Structures are given as structure tokens and as C-alpha cells.
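Each of the two complexes below includes chain A, the first together with chain B, the second together with chain C.
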Partner chain A sequence: MKRAADAPVIAVKNLAKRFKLRQSWLKRDKLVVRAVDDVSFEIAAGSTMALVGESGCGKSTTAKLILQLVKPDSGEIYLNGEPVSEATPQLRQKVQMVFQDPYASLTPHFRIESILREPLVVHRICPPNEMRDRIGASITAVGLPVDVMSRYPHELSGGQRQRIGIARAISVNPELIICDEPVSALDVSIRSQIINLLLDLQQSHNLAFLFISHDLDLVAHVSDFVAVMYLGKIVEQAATEKFFAGPRHPYSRALLASSLVPDPKKRIQFAPLSGEVASPTELPTGCSFRTRCPLAIDKCARVEPPLQAIGEGHLSACHRAGELVSSEMLTDPSAPQSAINPQPERI
Partner chain B sequence: MTKPALQTNGSPGTSDDSRAGENLLEIVKLEVRFPDNTGPVTVIDNLDITIGHGEILGLVGESGCGKSMLARSILGLVPPPGKVTKGKIVLDGVDLLTTDEATMQDIRGNKVSIILQEPMTSLNPVFTIGNQMAEVLAIHCPDMKRRERRARSVEMMERIGIQYPENRYDQYPHELSGGIRQRVMIAIALICGNVRLLVADEPTTALDVTIQAQILELFVKLQAETQMALLLITHDLGVIAQTAHRVAVMYAGRLVEISDVGRLFEKPLHPYTRGLMYSLPRAGARPRKSHMPAIPGTVPNLADLPPGCPFYDRCEYRQQQPCREAMPQLEQVDRGRWVRCHRWHELPQFEVLSARLDRR
Partner chain C sequence: MSTEPIGTQSEKLSPPRAIAWHQRANPMFVVGVLMLTPLILMAIMAPFLTFLDPLSINAPQKLLPPSWAHPFGTDHFGRDVLARIVYGSQISLRVGIGSTILTALFGIFLGVASGWYHWADAIIGRVSDSLMIFPGFVLAIMIMAAIGPSEFNVIISVTVLYVPRVIRTVRASVIEFRGAEFVEAARTVGAGDFRLLFLHILPKAAGPVMVQLSFGFAWAILVEAGLSFLGLGTPPPTPSWGSMIADARDFIRSAWWLITVPGFMITLAVLSLNLIGDGLRDMLDPRLQSKGIL
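Let's look at the complex of A and B:
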């Protein structure tokens, strides 16, 4: 594998994308959505970065920008240290994607064999006479019997289909796999099977993962680094252990507090956040989170907080990050606290 | 609450201790079937469950286990060609399966309401929010004047926590965010004011985590205010743990475990429930990037169930005898606890998850 020494598999610097919305043809000025703004990160071989945030925060747009499915307005993308500015065959091969919905990501009228053959043909991975063996090998690698080759996607269960999606991604020897909510459409009992498979493949193929998810418990388990996005910006970025030991942005804290602990004895204090995400076309002045933030002060309305280091390898975009050390500041102390359901048992 | 002695003659799924007459809904030996090329497929098999007044019953299961079909049978909305072939669904003394359609229409939306998973698809995109809310009132309270309907809808939206309800009334679904759409669905379900049972089928699955927390809080608040019962269907054990009083676990069209929420999470009895609990990712529970315990295999095809226990192929505690031979019955193991497993009493001690957390 040719790789500039020590260069991360993927490096993204100050990536930005704005979408212009067409309103009425009578109106001159267009609404602008800040989909991704000033996003920077790197992922080394064998490691996983998780991108966390609510829908519409720019997670999937970031993935599309890396894949060059959407052209960035500004910023740079480096694949193994080489700048990427267009969708070269090499980029298409080295960066693969596993999609959220295994029911929508496989062509229904192709047999599994044809679905898995296509990337091999496109990227000229092997001579035609070896293809069947190669397809069989990737099916075995994802833990399915080889005879699924002759089946159609509808004959497989959700978990099996997701395995085919993964087989398709790894069959062309990628270096980075973008996993966009790879298990959220699957049943709970199947999820850990798929997660285990992804972890195994990462280890055996030394793959870098960009793991897009909103499930923080899952992120805590699979990732090495976490980046939290809010309205197009990364608001906090840290190594996974550091992040979960003490998030230093009020939004990250609210996300953690909102995740529902599967333990009836630990019913959470509600509600960590009121209101919904601000409209991306009418961003508030200053910090875009301030409209929902329990800690907002005057400064937040005036100055947009930059993403800055607040500890070793720990970045946060909050004016009050320095004060966010104790966990008591999770919620507004003046707000009345009520458990979501204060009567957990009826014994 | 005093603890009465263990009762063994109550029907399965009775809340707490089968105090007669205290149940709002009683489902007795329900069977739902769908015709198939090879013969009828039993989607719900011999299911007994009750819901008490003001109780939040969580129903857990995988996709295709029949949990949505159970919700639909309560409202008499099993999609054809499916049919309720056996059993009784008694709400406040009225058997919903034998009443005529006119009475059923009166009950639906009035005494029993349902909220579906996708707030996107369950609202009609070409009508305003107000239009869809007022429609319920127009049907159930025909004497109401247009202005009264509007006032009632706006009042309801306010109660549900929708800001600027006057403006929202004239908006279309696409103008609202997912969270507000789901709130509108709840408002529509409850607008008649005397709903005794609200069936919520995966009400928060399509929502973001922070919004999910808000909606669940709303459910609990409404439930406490109105003392209605809530049947909360979900596959998310987190939702169950945070809201439910009692939990029923379904697998392949059958109930496999019933328990109050505290004891279920402390000591799940059925191997499937145990597997689900173990396979949840929990921060700090095990080394990062290590293998997670998983339930192997997939859900069996309902049209082609193997003999014996339907969970046999995936069970880590299976034994040829008796698991392969006979279908286990739902048996009562304690007050309010039922399990469908031949070997529940022989299974090794369940390791409490929070104890694992401390051992990080």
C-alpha cells in the first residue's frame, strides 16, 4: 500500500459547504443554508472517528463532501496525504460507504452476485475468471454462506442485507469506510452482530472508519475519537475516553443527558434541552446553540465561540467551556427538576 | 401498597396481582392470522395481556414479532387480508371484536387512540394541521361549531406544548419539524378529551435524541394528568426503562416475558430478554472496541416456525429435551411475572448491568 509516511488516511481541513435555496423566482436574495462550516479532522488507519449530532446538523453532508458527491465551497481534503479535488477512480475505490437503510441500498432486481460484481468490474480489482471466487470470499468474510450469491435482496433479512452492503464496501480494498448510521435501521438483537463484524473487519484490514451515528452509547463503544456537530459546525472534538469522561460543551452534555439509560433505577432528570434546532437558514447571532443553551450569557449572542483547545487534544466551541468542569452544570439549576417518570416501580 | 400473597390463578399479564375489575383492557387468547400461499400464518398466537387504568405498559420486540399487529387489533385496524381469528379484546366491559363498526368508530379516537411511528407519513400533507385536528372533533362532536372546534384545537396544541398554536393551526405538515409533527399527532389522538387508552407505536423512533426525550416527557406528563393508560410499543429498551411501569416482551408472535419494569431489568428471565439486555452498548460496560455479546441468527419465519420453542435456534441455553420437543407455556413465576421458557429456573445468574458498569 503506497502511503506517505504517517499521513492519515483522510484529512479534512476547514471544509465548508453552503447550499443556496431557491425561494420564489421573484425574490432576488436567496436563503443560504450553512450545511458544513469550517470542519477539520483526520482519521488514521485502523481508527474510528464518530460524527455525532441531530438530523440536519451536517453529518451526512460531510460524508458526501469527502466522497466528492458534493463539491465543497472551500477547504481541503487529503487522502493519504494527497490533495483530493475531484472524484478520481482512486478516491472512489479507497473511500467506501455503508448506508443506513439496507432495504434501500441494494438494487432489488439484481442478484447478490451481480451487486457484488459491479464494484470489482468498475475498479478492475481482479480478472474476470477470478471474480466468482473473490465474491465468494467477501461473502464469507461477512459471515454469510456462499449460496446467498444466487439470491435476491428481498430474500434476505435486514441484518443479512447490511452484511452484503458491508461486503460490497470491503471488496475493493478500501482504506476508509464511511458508516452512515450502519445499525440504526436494524433490530436490537442484530445490531451487535453487525458492530462486531465491523470491528473485526477494521482490525483485519486496518481500515479507517468515519462512523456517523446519533447513538452515543454505541459511539462510546466503537470509536476512538468523537466530533459533535451542531448546525454545520463541530462544537466539540476529543478522544472518546476524554469525551465521555467529561464533555466540555453544553450541547454534548445535553446529548448525553438525553440518551435513555436502559436502567429503570436511573430515570433521567428532564428535560435536558427545550426547543428544537434553530432553522439553518436563520441562524442566531453569535453562538448558534445559544437559543437552547441553559448556560447562555450576553457574550454568546455577540461573539461566535471559536473551536479551541481546552485541554490536550480536546477542542470545544463554547465561551464557558472553562467553567464546564463539574457535571452539576448539566441543566439550568433554576429550572424545576422532575424525573421523566418518578414512579419507576409499582411493587 | 400491601403485598398480597402470590396468586397463581390469575390470567397471564395481569397487572400486579390480578385485582378483578381494575383492568381497563383485557386481551384474552387473541389470535391474528394472515392467509398465505401455503396456509394461514399466525402473526399473533394465543396472546393474553391486560392493561390497568393509568398504567404504562411497554411492549418490546423485533420487527415482525407482531407488536404493531397487536396495536392494530385493539383499534380494529388489522389490515386485510389479515384477520383476528380468535379471542376477545375487552375495553371497559365492551368486547371490541364483536361490536359493530359504528360503535367502533365512536370508540376509536374517543376512548382509544393510536399514534404511529412516522409523523411524516401519518399526517396528510395536503390538509392544514388545524383541518386534521378539527376533523376528529367534527366526527366525534358533531354539534360543535366551527369556531369552537378551532378554539378546542388551539387549546389542545397549547397543552401539548406547541408554541404559537394559533399560527400552527393554519400551517401544513411540511412546514413543521419532526418533533412538532409528533406533538400534533398526539394532540389529534387526545383532542376528544376522554381517551382512556393511548396506543403509541414506536412514537419516538424517527426523532432525534433531544426531541425524543421531550416527547417521552410529554407522554408521561399527559399520562399522569389524565390517568389514561398507555401502551408503548418500542424496540428501544432505553425508552422502556425510562417510562414504563410494566413490560411485555414479544417474540415471533407470542409473549415470552411479562414483568414490572424494575424486576425485568434487574433479573430478566427469558433468554431472549437476557440477550437483548446484554447486547446493549453501554458506556464503560466493557472495553472499548471489544466484541459485544450478540444474539446469533435471525428471527424465524412465522410461516415456517420450527417445532418447539420459537427461540430455539438462537438460544444459548437450549437443550434438545424439552426445548425442541414442546412449545413452552407462559408460566407464572412470581407475582406479576410470567415467562415462556422451559428452563428459566435453570439459567445461570443474570449479571446485573450496573454492576458491570462499576467494574470498568
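Let's look at the complex of A and C:
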């Protein structure tokens, strides 16, 4: 395949998807949810980008857009520098997904062998007489004994099923694997096994990972880059070390403050967020985070902050990102909230 | 690497889970099968069960009560009722099996289409709705009046009558599973519509469809008998259970065996198939367990 030497495996530019909610066939005006709004990023071979955010912020929709399971409204997707606008066989081979729920993502009436045979048959990876060996090899590669081939998904444990899901993803020599919360449905005791398996496979196959998660400790461990999403938009994007050293968006700070760190002195302090996530159908004017932001100022209600560079490779969408440099600024969570968080105007 | 235990290979592998058997054979199902089996055997072995011709007319021997020579007596033309019952079972089963196969073929194909494609749903849905608003038997009479009485035409009209139910069952399953994560996962690895539908989704509909088809089989026997009773089904002198009852109307007072025996056979066949259908349904989904008669 021709490929520009420096083209990232996947590049996403200004991706957007709006879902129309029809309230009733009598009402003409439809509610519009901006599930994904102007999202751009790229991932190079062998590296991992983590997509972080609360549930409902558009992480999984972004994954589905890349996979062309959902048609984007606008924006471009480039696979190895070539634009992708429909589900071509090439896309289906080069981009694979590991699903969150290993119970639901394996066809229940298929034996493991049939599950793993399907991608090989569809993409004509190898002649039929070699398939069994290849299936056996990919089962061994994910650390399972070959005799699981003749079993049904319900006969395996959650961890084993997720290994089968990973085997299915790598069996067609993909270049990008989208991991949609690959371990959040698993027992804590086997999460690290699955994560290490993924990292091993990434190294040996030089895979690019899009790692969707809300577990920040896990993200710090696996990813090279972090993008934080809030209500369909990326609000902060940075290399992992930079991000964890000093997040430059109040939402990122709040997320980090909410994750538990064994050493309380190392824990990032931040005023706790008030209120709920704004309704995605009725986004606030200006910055969509301002209704919960302890740093909100008048400007936030008027002008939507653009995602802009605030340091080398560090993007943030906050008017006050510059003030967030010193980490002491907001270490006192006892500061009176009403002073910095005037009741936001609702529209 | 993996520390999770895995069963030994010698362990017995479970059967395919196309149908999730939640429990062992249901008593209704067993009784239904036990009642249906002799009927099927009777149809297959008809020439060995009776050496009398169901069509041979023997006027002097008419309306004889049951005896050793004629266990179920003779009718008004002196034909042996046992022979006619035995050969009549062939018709009932042929109509039943024929229409069940046709119903399954059309029902699955159209059901899949209407569950998968919105434009097809609009067309197929409206057509099957308009078929279902007619009382079933009235529609059967209309169709038979239009295309004329014959055994094959009975099969066609039963199929037209019953196919909307199968379409709905299949459609419901397709809609239920088309957004399932395992279908999405299969799509992600590149499976096309055909694979998704026929390998991933349709096997999940196998159970409910089998239940529908076993009720459809019973329906077919009943409709065939009813149409023959009205003279719209299998034309005489072919021994259909329905036309036997029709002929026997004039002799209810004098020859009770003429109407009782075919009536009993129809009841037996329909009851056994309904029991099988109910039993299957309960085996597939114990939550729906009815407090049945067994």
C-alpha cells in the first residue's frame, strides 16, 4: 500500500456528528445533540492516544465515526494519509476494535473458532486449509490454550472472552485498534493482564491505539497522548507527561482531582465541580463547561474558547488556561465557591 | 500468561446454542410428539395399514357399523372408513408440511428484508398488515374461490394466511439484534449484510420461528379440513378428513361413526401440534410458562 512516510495511521480533522432527536411528529423543531463537535487528532504507528471524558461526552461516537459504523456529518478521516469516506474493505481490515463488554461483543451461538475465522474469511487473509493453524496461532498469541477453539463464548470467563476479542482484532493485521474501555467490564484482578497483553501486542505489531477510557490512572499508564472530551468537544490535548504534570483546563483538573491517588500529598487539589453536565440539546452560550466551572468569568458566557496551543504540543480550550500554569492557584478547595462561580445564566 | 482456569478437553462440549434450551423436554412437548408420531407413521405406512381401497365403492355394504372387517364401519358409498382415514392423513400432513415449508421460506426471507431495510418494511409491513386484518378463514375461502379447489391451492392459501405471522416474528428478532454489540463487532471485522443476517442474527430467531411454524402446521390441517368441508379444498373423491365430515352430516343420526372418527382425527392432529408449539415456547423461555393443561 502506498503511504506517505510520515503520514499518521489515522488522522481525524474537524469531525462532527449531530443526532437529531425527534420529539414528536407533530413538533417540527427537532432537538439536536452535538455528539461529536469539531474533533481533530492524529495517531502515529506504535503510539497510543487516550480519549478521556465522562459518559455521554462523545468518546464512543468518535470511535464509531472512525469505524464508519455511523456516518459523520462533516470532517475528514485519513487512514495512512488517504481519505476515508465509506466502509471500504481496507478500512475494515486496518482499523479494528476491542469492545467494552466481552459478553455482548461475541456472537453467542458461534464457537470461538468461527468467531476468529470470520475476519480471515471476509478479508481472504489466508487459504482455507491454513485457517485453523492461523486461528490457533492467534489464540496462543493472546495467551489462551488452543483447545478453547471448540468452545462457546459463554463457556469462557470474562477475561478469556476479552482475550478472544483481542485475538479477533489482531488476526487481520490491523494498524489501528480502537479500545473502547477494554477493561472496565472486567474484574480488577485481571485488568492488568489484559492491559499488558494489549501493550505487548502493540509493541510486537507496531499498532496505533485509540484508547477510550475514563480511568485516568490507566490512561497515565498506557497512553502517549491524552485528549479530554467534554460535551462532544476536545477541551484539552497534550502528551501524557505534560498533561499529568499540569493540566491546563479546569475540567481536566477536576477529573484529575476526582481520581484517587494513594499519596494524598500528590493529589491534585481543585474545587469540586458543582451541578450537572449541561444538557447536550441545550448547550450553554460560550464555553459549554462554564455552568460547572469554578473559574468561569463573564467572557466565558459570551465567547466560546477555541482549542489553541498554549505550550509545545499542548492544546487547551479555556480563556484562563494561561492562569492555570501555577498549580498552587487553585489548591485551596475551601475558597468560597460563590465568589468564583456566579450562578450561570441559563438559556 | 493466563492464570484463568480452562475446562479440560475431555469435558463434554455443549450442543449448539442456536436455541437456548432452558430446561429439559417439557411435558406438553413430549405428549404432543407422542400424539403426532402415530399420525405421521400412519400417513407413511398407509398401504400397509389397510388393504382396502379408500375409493372403491361397494353399494351393498353401505353404512355398516364398526365390525372386524371394517373397524370404523363404512360410509354411504360402502367405502371403508379406516382406509379413508388412513389415506386422509396423507393429505392433512402433505398440506401441513407443504404450507409450513412455504411459510418458512417466504416468512424468513420477507421478515429479514423488512427487519433490515426500512423501505422494505414499509411495503412488506403494510401488505402483511392488510392480510392480517381479515379473519383467517374468510381470507382462505376468498383465495380458494379465486384460484379453485385443489390440494396445492390449499397449501398456497394457508401460506398466504400464515406468512404474516412468521414475517413479524422474524422481523422482531432482526430488529432486536441488528443493533446488538456482537453484530456491530462482526461488522467491524468486515462481515457484510448477508453474513450478519444469516449467520449472526437469524439463528437467534430460530426458536420463536419454530414455535410459530408448529402452530402454523396445526392451522394448515384445520384450514384444509374446513375448506374441504365447504367443498373448496381437496376435491372429491379424494378422502380428506374435512370432506368426510361434510359427507357424514346427512347420517349423523344413523351412522355416528362417520362423523366421529374424522372429527377425532382432526382434533388429535391439531391438539398435538398445539401442544408441541406450547411446549417449545415454554422450553425456549421459561418466563412465559403458561399454566397449561399438563
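Here is the rule we use: the second predicted complex is superposed on the first by the 315 of 347 C-alpha atoms of A that agree within 3 Å, B and C clash if a C-alpha of one lies under 4 Å from a C-alpha of the other, contacts with A are read in each partner's own complex, and residues count from 1 in each chain.
As a convention for this text, a residue touches a chain if its C-beta (ideal position, glycine included) is under 8 Å from a C-beta of that chain, and two chains touch if they have at least 3 such contacts.
In this text, all values refer to a predicted model and were calculated from it rather than measured experimentally.
Of the two partner chains placed by the overlay, neither chain B nor chain C lies in contact with A:I166.
Touch criterion met: A:M97 reaches chain C, while chain B stays clear of it. Of the two partner chains placed by superposition, A:I139 touches none, neither chain B nor chain C. Residue by residue along chain A, chain B and chain C are tallied for touches, and B comes out ahead.
When the two complexes are overlaid on their common chain A, residue A:L67 makes contact with chain C while staying clear of chain B.
Contacts of A:A50 after superposition: neither chain B nor chain C is touched. Applying the stated contact rule after C-alpha superposition, one finds that A:S157 touches each of chain B and chain C. In the overlay built on the shared chain, the residue A:Q193 is in contact with chain B and with chain C. Contacts of A:H221 after superposition: chain B is touched, whereas chain C is not reached. In the superposition on chain A, chain A positions 157, 159-160, 190, 193 are in contact with chain B in one complex as well as with chain C in the other. Partner chain A is touched in their complex by these residues of chain C: 1-4, 6-7, 9, 13-14, 16-18, 180-192, 195, 199-200, 203-204.
By the touch criterion given at the top, residues 48, 54-55, 157-160, 187-193, 195-196, 199, 214-218, 220-222, 224, 240-241, 244, 254-255, 257-268, 270-274, 276-277, 340-341, 343-347 of chain A touch chain B in their complex. Residues 1, 3, 16, 56, 62-63, 177-180, 208-214, 216-217, 220, 235-246, 260-263, 265, 272, 275-277, 279-284, 286, 288-296, 298-299, 314, 353-354 of chain B touch chain A in their complex.
Per the touch definition, chain A reaches chain C in the complex via residues 67, 69, 89, 92-93, 96-97, 99, 101, 104-110, 118-119, 122-123, 143-145, 147-148, 150-152, 154-157, 159-160, 163, 165, 168-169, 172, 190, 193, 197.
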